[in-house]
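One structure is given below, encoded as structure tokens.
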């Protein structure tokens, strides 16, 4: 294509159509290509440094919560004598501080039952957060199971999945007894065999390969030892 | 100065600024604007503020390119959906800005501030209602606009990029719906947000981190609400405004599509059968001068293609080739094949468009 | 589209454009009318329906039934109908992501030159099917009751059994009338009384045949109430 064009312009005559290949854009008399190259690289580098100097701190600022673990807090929810192995008692306690009512959560608490191979001294605190997508589950006394109103998840007395879409049993809270008072601590998730694993969001499987597909988050507490 | 300017304007009714009009006489024509501009210069007796600004920034040129561009024959009411969507985005921006004057993005005070805004502030419920229902309307309109684009095949060449921008805008609009939903901080909005966040979290590998980022921690916490507020108020609207700008720019550059069933009549003198059946691309280039009028129309009236970026590389090549060919043909009548074909050229654009 | 088709399109488009009218004021006239209509609808909706404010957010609730905004109902319904846990990531992330990618890349795999809807049946039919599917899912999502609610009328003596059935989570797998899991894991119970005798119903609820869990935990009295209620469900209601 460039051939016939060059033929058209006689020597010493201005070429009728300037070819972009022959002269780079914005070429001026006496411009050195080395100089242009240095300026190109330098302007990009300096601009890049300036942009990064602003963007990096801001992004770090925004993602910091991913790497920050809050303080581990325990809250007393009542004397041990309040709870029994036969049924759950509903307690409300503060999980997140600083946001008032919005930081509270509900747990269902009972003591260990022999039929589930639990020690009578154990205190089991089950979270009301559905393991499907986090809707609030309810313990139904009559049926002795937990049901979720959103997408129809059903869990048995131990919080294991019975039906519906939940991907794992209900989460639990760490518990301990101090001075006759039951204290509730950080949340943890469990596998289908009720083995404690680190906490994760609803909708995430536990155990097996899923432990790798849903990697640990630095913002959460490690699970209690089994 | 003003005398001189007026004189120049009289000389060049295209009026795309002084130097512009002289140096590039085809510019006005290219934008498809040529005649109507004289209207804008009717107010010569008054203090010519518009003219003063115009002579410095050539606003008229930009304005003409946007407003006086031709919309193809046959466009109908379906073509108003896009502008309606943009309009309602502007409405949402306006009502949103004013709502923010009374809103407190804090988990402890948000609900109370909404109650106050709704019940106590003059016309509070009305303005909040406009924002709330405007959001629903915007979703409906954007889907209708997309359906029109889809069924009319308007996403095809050369408007692919505009479709992509449109889909990104659709996603951002739903993000707006989602982030805005939390702000009233009632039961409905709180639980919808919890579920949406957990949906994000259930994505393997990156999901949990993304969810942590959105709510600023492993659980709904003190900064979640302000984070959603910042996304809803600044980040996403800013992105959307920029993308709407790009979307519009492409619409102006590439033109509004005609409904696909509206076909142009064949220009007299051209041989439609040939131009349609010519199989190979290389033949195609040689054939261009035959349909001279139409081809010239493409090259002259469509600078976007000239300047367009790499995405339209092929088109650029083709157009450049045409330019070269016609340049050669007119200036060197002796040049081989071009001569014969040039003789068959239908004379004017006027004939084509008549 | 090959180079020739592209050029052909640009050529034809240019002619159509030349024959058209300037955007201002002709096209913008229609746009303005549309804007007026849109504003009118928005203001009317605001005046008629207002901006209701629900109860304050309460993370400790165990009785609230969350529902999304209407334009997410199809996603909500998708999550509701996909029951097997193994498919949950598909419903939450998989399907929406795939759909979005397909939508985003549409102009890059649909490259044919044809633009008239009825001359590209695959695209048109797919588009219509997607719209119907989304409308259908939205409708289902909008009408989905809580799994702890049965709207079917019943005689007063069976109200107790109905309440237990509703609260026990039977509707996670079964359907009763308009409520519950239509096409779920378990059979439709709307007319169960006409098919299965009362004693067999009670036995099933207590034992939990097959994949159904045992509801022995309800206790004898409640089991009887449930069996009475379910046995009363037949075509006559």
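Letters A, B and C mark the chains as written, and numbering starts fresh at 1 in each.
One rule holds for everything that comes next: a contact is a pair of C-beta atoms (placed from the backbone, for glycine too) under 8 Å apart; a residue touches a chain by one contact, two chains touch by 3 or more.
The shown structure was predicted, so the numbers you read here are calculated from the model rather than taken from an experiment.
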Most remote chain, CA-based centroid, reference being chain A: B
Chain pair bearing the highest count of C-beta contacts: B-C
Centroid spacing, where centroids are CA-atom means, of chain B and chain C in whole angstrom: 34
Separation of chain A from chain B, taking each centre as the mean of its C-alpha atoms, in whole Å: 37
Chain centre separation in whole Å, for chain C relative to chain A (CA means): 27
Chain C residues counted as touching two or more neighbouring chains: 56-59, 61, 64, 66, 79, 88-89, 92
Contacts with two or more other chains, residues of chain A listed in rising order: 101-103, 133, 135-136, 150, 203
Residues of chain B touching at least two other chains: 185, 190-191, 194-195, 199, 202, 204, 207, 220
Residues on chain A engaged by chain C in the complex (per definition of touch): 90, 92, 101-106, 128, 132-133, 135-140, 142-145, 147-154, 156-157, 161-168, 203, 205
Chain B - residues contacting chain A, complex: 107-108, 185, 190-191, 194-195, 197-199, 201-202, 204-205, 207-209, 211-213, 216-223, 321, 324, 327-328, 331-332
Residues on chain A engaged by chain B in the complex (per definition of touch): 1, 4-5, 8, 16-17, 62-63, 65-66, 68, 70, 95-96, 98-103, 133-136, 150, 199-204, 213-215, 217, 219-220
Chain B-touching residues of chain C, taken from the complex the two chains share: 1-4, 6-24, 26-28, 30-31, 33-35, 38-39, 41-43, 45-47, 49-51, 53-59, 61, 64, 66-72, 79, 88-89, 92-93, 100, 103-104, 106-108, 110-117, 120, 123-124, 127, 131
Touching residues on chain B, where the partner in the complex is chain C: 32-33, 36, 66-75, 77, 79-81, 83-84, 87-88, 91, 111, 114-115, 118, 125-126, 128-134, 136-137, 139, 141, 147, 150-160, 163-164, 167-168, 170-171, 174, 177-178, 181, 184-192, 194-196, 199, 202-204, 207, 220, 255-258, 260-265, 267, 275-276, 278-279, 281, 284, 291, 294-295, 297-298, 301-302, 305, 314-315, 318, 349, 352-353
